[in-house]
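Two complexes are shown next, each including subunit A; its partner changes from subunit B in the first to subunit C in the second.
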Partner chain A sequence: MSDFFNFDTLSLHAGQTIDKEFGARATPIYQTTSFVFPDTDTASSIFNLERGGHAYSRITNPTVSVLEQRIAALEGGSAAVCTASGMAATFCAITAILSQGDHIVASSQMYGGNISLMKNTLPRFGITTTFVDPTDIGGFRDAVEENTRLIYGELIGNPGLDILDLEAIAEIAAASRIPFMVDATFNTPYLCRCLDYGANMTIHSVTKWLGGHGTAIGGVVVDGGNFDWGAAGKYPTITEPYAPFQGINLWEEFGPSAFATRIRAEAMRDFGPSMAPMTAFLLLQGIETLSLRMEKHHSNTEQMLEFLSNHDQVSWVNHPSLPSHPSHALARKYLPKGAGSIVSFGVNGGREAGKAFIENVQLASHLANVGDAKTLIIHPASTTHSRIDAEALVAAGISEDMIRLSVGLEDIRDLKADFETGFRAAKRAADA
Partner chain B sequence: MGFRTRQIHAGVTPDPTTGAILTPIYQSTTFVQPSVDEYLSKGFSYSRSGNPTVRALEAKLADLEGGADCATFGTGMSAVTATMLAFLNAGDHAIISDVAYGGTYRLCTKVLSRFGIDFTFADGSNNDDVAASVRGNTALILTETPANPTMKCSDIAAISEIAKKAGAVHAVDNTFLTPYYQRPFELGADLSIHSTTKYMDGHNATVGGAVISRTPELAAKVKFIQNSTGSIMSPQVAWLTLQGCKTLSVRMDQQSANAMAIAEYLEAHPKVAQVAYPGLKSFAQHELSSRQASGYGAMLWFEVKGGVAAGKKLMDNIEVWTLAENLGSVESLITHPVTMTHADVEEAERKRVGIIDGLVRLSVGLEDVEDLIGALDNALQQV
Partner chain C sequence: MYFEVGGKQVFATTGGKPFDKNLPTVVFLHGSGLDHTFWGLHARFFAFRKYSVIAPDLPGHTHSEGPPLASIEEMADWLHAVLDALGADNISLVAHSQGCLVALEFTSRYPQRVNSVSFIASGLATPVNDALINAAEKNPDVAIGMMMAWGFGPAGHLHQGPVPGNSMVAGGRQVMRGNVPNELATDLKACNAYSNGETAAAKISCPVQVILAGKDRMAPRKAGLQLVAHLPSPELHIIDESGHMLPVEAPDECRKLLRDFIFSHNPA
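And then the complex of A and B:
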């Protein structure tokens, strides 16, 4: 049904066909390891990828399949594969097409887990990465080398919230016949469907805004179905015979979903980071209210930005929707409905004031996640980056007074009152 | 087919759509109807009235007890409540085993009494006392055997005979022994009640209850109350309980063997005044227990010399055993009924039925029996 219904309808219905046996309106939770085969021929054809069907829940599961199809439909992709976490999605997506000796060009402003994967882990397997400032388009072009096989970035960068110019990067990638992969966690398909702007695949930590309630960890890789692996001629995992499945050629057999099939056939089978059926059920339920939540996240963010911008205890506010932000024009182009609900700001008085603010707000939860229905805050200088000196903090784009805020769905009046308490404490700490 | 085969397969068939070997968790409120004319053609409309996952458990439990059908509930207490609501009206009279679970006693004396139902608490271990309690308006006899926590047993066949003559329904709370060891319908009872929280689940994961009926007519009355009052079991709980049931016999056999060894150890201990376990030859109703059940279960109690103070000291110092309510799970639990499970029963009533102050109840789990006995031994030394 994907191309014919609008977004909100898809977020409720895509991927689900009403349970054939009893008509259950909600997706049944197939909490089972295995599926009984009607006969041996069917069994072998499922194993050989000759036909769809479920054999073992590490590879596919009916409840998880509904979530995969729903997210693929929301993104406008050809297929999706869900994984146990967002990091598993990134790892599986990269290793599905890159091998020893291959190279990635990636944005330098990304979630720390992504940076660490590319900087520390993938080099152990002979995959190297050149990091480029996301605002430096020419830098991306210059960083592409003979062995570059992937361009990777986040639409809304971390922690500077710089916006990646999707079309410009996609053009560079297309010119070199290299796929362009975007971690779209911070925007979700509600704010921007990156595939529409030339990205070839997207990654999500479904844990965040898609799931939206902080209840389950999960990830997804969406195959855009818009990359010509055959014409590129340098992706043997997709276009050359795959020995474990009787030498099947995924590109010939699966065309626009060849990439997703490779992840399914290799990563899910051999690495096994599968999503649990209960997790898929919880995340599906979250997606049903994605639009409603995102609208509220953004109306709260707008009011919070106004509140912070006019507050005496705030030294600076950073958000792409503010005209002062260097990416403001790109945000208006790619994120017209809102530029995400992550805000960073500085508290007058530096590290001690920032710490006092965090310790004295009560409604906002002090933790390291983002995208929850609840408002979350963290003071990187005293927590995630507390062992780093002031100079190294600046290099990481973090200042001592910086607070990162994930704006939730509470009544904005209560959030403002909560922050006032925090700011009074910050002032006392700064004056002391 | 044998019990061990049925505990695994009864009620569960591979999902026809996907082949899933386990029953899916139908976490859905409602069921889409193919058309107005085909309303309920697939069997389900709304999850209070019926849910496919819950039905799978009900089918399994009915099969294991050898009954016509089963209705499950949110808790064991709601199963007992539904039984009373199904078979008692204002002006009716019921005979309840005087050593029934404290919660049952509370339900009768503090709740259902407000609706014009009379109760007599009779000594379920004494057939004559039960027969003498029958009145013209007696509609239900509820026994619990072995009873919690006294371990007193009721003669299911004899009391079923009394109930039959009185035109009353005989409901047996079969929680302690489960159909693996004791099948009340084969002895003439009409209903079998369970707290599925206990041995059916077996892992301290859920709370739930079930009423299995001998005939479709009895089942329809219970089912009507289940739907009307809505104290249903959730699909998640049913699913977990379905998994627990598959190892019921293995757990019961091992836990019972552990209980037997512990009972023998305690009986020989100089600091122990008395031990009650149906498997012991010294148990007053050992012969009855051996006759109507194929196993003795994993519940027992003992009294430490020195009364309540000594009992408390033992429970506060013991390791491995957990001081907690509930019973029947893989974890061994130790309980002091007078202050915990039966605190709502008046002191005079407690004394009358044999819940003495120093009674320490054991729910024997699956741990190594050497560790369980070792822990009791250490604790007894400190008494």
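And then the complex of A and C:
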């Protein structure tokens, strides 16, 4: 062994130790709430963070840990903590380091749940957010205030698909000694490892492409281990004594995994958004084929882009791989293997035509998810982003006629035929 | 905790308990390019079992002020100054890799301070190949990659760490990246230049144990057995499935061996 294992190998093997009793090749599902301690000394040492080990599945579970360590390996992170959902991951990551009076600078073009969390919910706990157009680098710099403690964004904005300039924003964050957290759900580590470009931690809704089969909800926070919490001097939850663990100083004791340890020690214990072992198993099955699926997602996306771009019923098509997209250059830089399999487009004839299209396709499922093996469509303005106001809708890059398409793995000929059926219905609605 | 030695700031973790010079003290010495966090799965264990613990960052490593020390002999004298500053005696040394060379030299120079020594993954000397030293001087990140690739055994490479959710390789890489410039090259050159191991080992008379890793590609078993041959009746243990980074790759086995040895030879 002269070097490190490569991505596809890690997708299959990372994190799993073959069980010594039966030699199970697949990761066993440890469907148990708790674990029998061999003796009292071992029990107390696990509770006191003196050693690794499992006590109670709200905090850690062997099946979930395999998933955590596999994702950490794929991302190049020093540690990962899985949660019950992507939103739980975001909430746990933010509250691990921000408290009342702190401030976030965030991209305005994000999943509606992220925007709602920062715009409506976190202010109730005294944490405020300034939203910035993701293409406005100077805007990020200008928005940093004395009490700013986090810069947050999605590499591929949802659903406008603008690409965040990771290195430029990482530079702003580093200059202010503020961590840069990236929701990397749409890219997965297969398309881009954001930590390699200066991000300090990533968030994933594992539900989406990582899991990839629409069978389980889950999230993960990945600690890049590359932020100097001590030098920053403004993150007491990491660098000051933590009373519940006999005054432990997480930064001093755990160094590059201090942030992940805080999430484990506080959020998983006190908030409790743990991932179920069966969920971890399902998501692990997805990750085993991540590379294969992402390649097919992208070959289908390329053909679908060509199809839509040349279709009379389509008024516009948006995807970062198209030269016309404002983020095309950034997509080529950060996403050379493909800029994701989310496409947005407009149907000629406005809202009624769009509605007819969605209701008349058969293979493309109308639902609120992305990153499934199956093709999915939705009308964001009336669904995923319906809870944000008109101004925020515009800032998020959403128009009334927008249809968001998550390109799946079906035979592209069948998908095109399915869309033709939808477009014929759209034309009838528009002509009526 | 932070304290001063020779006008320079030094950091050492005490494992979560205040340092008490009246207790028997376990001193942990890290290897090239690493820091106190290497002992995270050991220091806290002893600190909560009536031992005082000191796991210092060598000068120029993570929280300790630089510059890094250029020779193993200087590191041994620096450790002596650290213990003077803290008033620590009655110590059990636990050392890994480069730290073992420091422990050899320190114990031979200041035998009255040492109750026992645990050598982990080391020989009498640590010859370092030119490619690694050159990389450390010209492109530290490449050298760090080599150290991680060679340092970890199969479990490390497959991210099967003992701490749920943690990647040992990525964590080690970040620790090494956090040190001062030239620190890794200085460490490696100090190891490469050290040639007093055989003489130092002959002067050691306190109880010693040697823990070797079966899949060690940086301090191969053959080199470790040479160390064993020159020490006075050491306990020898070989953990077959571990690589060089044994205290983090096989912490439970390692901790048990350290516990039994230190509890026996330096009881709290």
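Everything that follows uses one rule, which is that the second predicted complex is superposed on the first by the 413 of 432 C-alpha atoms of A that agree within 3 Å, B and C clash if a C-alpha of one lies under 4 Å from a C-alpha of the other, contacts with A are read in each partner's own complex, and residues count from 1 in each chain.
Note that in this section a residue touches a chain if its C-beta (ideal position, glycine included) is under 8 Å from a C-beta of that chain, and two chains touch if they have at least 3 such contacts.
Everything numeric here is computed off the predicted structure, so don't read it as measured data.
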**Request:** Identify the partner contact of A:P323: answer first if only subunit B is touched, second if only subunit C is, both if each is, neither if none is.
**Result:** neither
**Request:** Between subunit B and subunit C, pick out the one touching the greater number of residues of subunit A.
**Result:** C
**Asked** Who does A:T32 touch here: subunit B (first), subunit C (second), both, or neither?
**Response** first
**Request:** Considering only the touch criterion stated at the top, classify A:H54 as touching first (subunit B), second (subunit C), both, or neither.
**Result:** both
**Message:** Between subunit B and subunit C, whom does A:S257 touch in the aligned arrangement: first, second, both, or neither?
**Reply:** second
**Request:** Please indicate which partner A:V81 is in contact with in the superposed arrangement: first for subunit B, second for subunit C, both, or neither.
**Result:** second
**Asked** Does subunit B (first) or subunit C (second) touch A:G23, or do both, or does neither?
**Response** first
**Request:** Mind working out whether A:F281 is in touch with subunit B, subunit C, both or neither, as first, second, both or neither?
**Result:** first
**subunit B/subunit C common contact set on subunit A** = 53-54, 62
**Message:** Using the touch definition from the top, list the residues of subunit C that touch subunit A in their complex.
**Reply:** 11, 13, 16, 35-37, 40-41, 44-45, 48, 62-63, 145, 148-149, 154-155, 157-167, 169-171, 173-175, 177-178, 251-252, 255
**Fill in**
The subunit A residues in contact with subunit C across the complex are 1-5, 10, 13-17, 45, 48-54, 60, 62, 64-65, 68-70, 72-73, 76-82, 224-226, 228, 230, 245-249, 252-257, 260, 264
**Asked** Which bits of subunit A are touching subunit B when the two form their complex?
**Response** 18-38, 53-54, 62-63, 278, 281
**Prompt:** What part of subunit B is in contact with subunit A in the complex they form?
**Reply:** 14-22, 24-34, 42-44, 52, 239
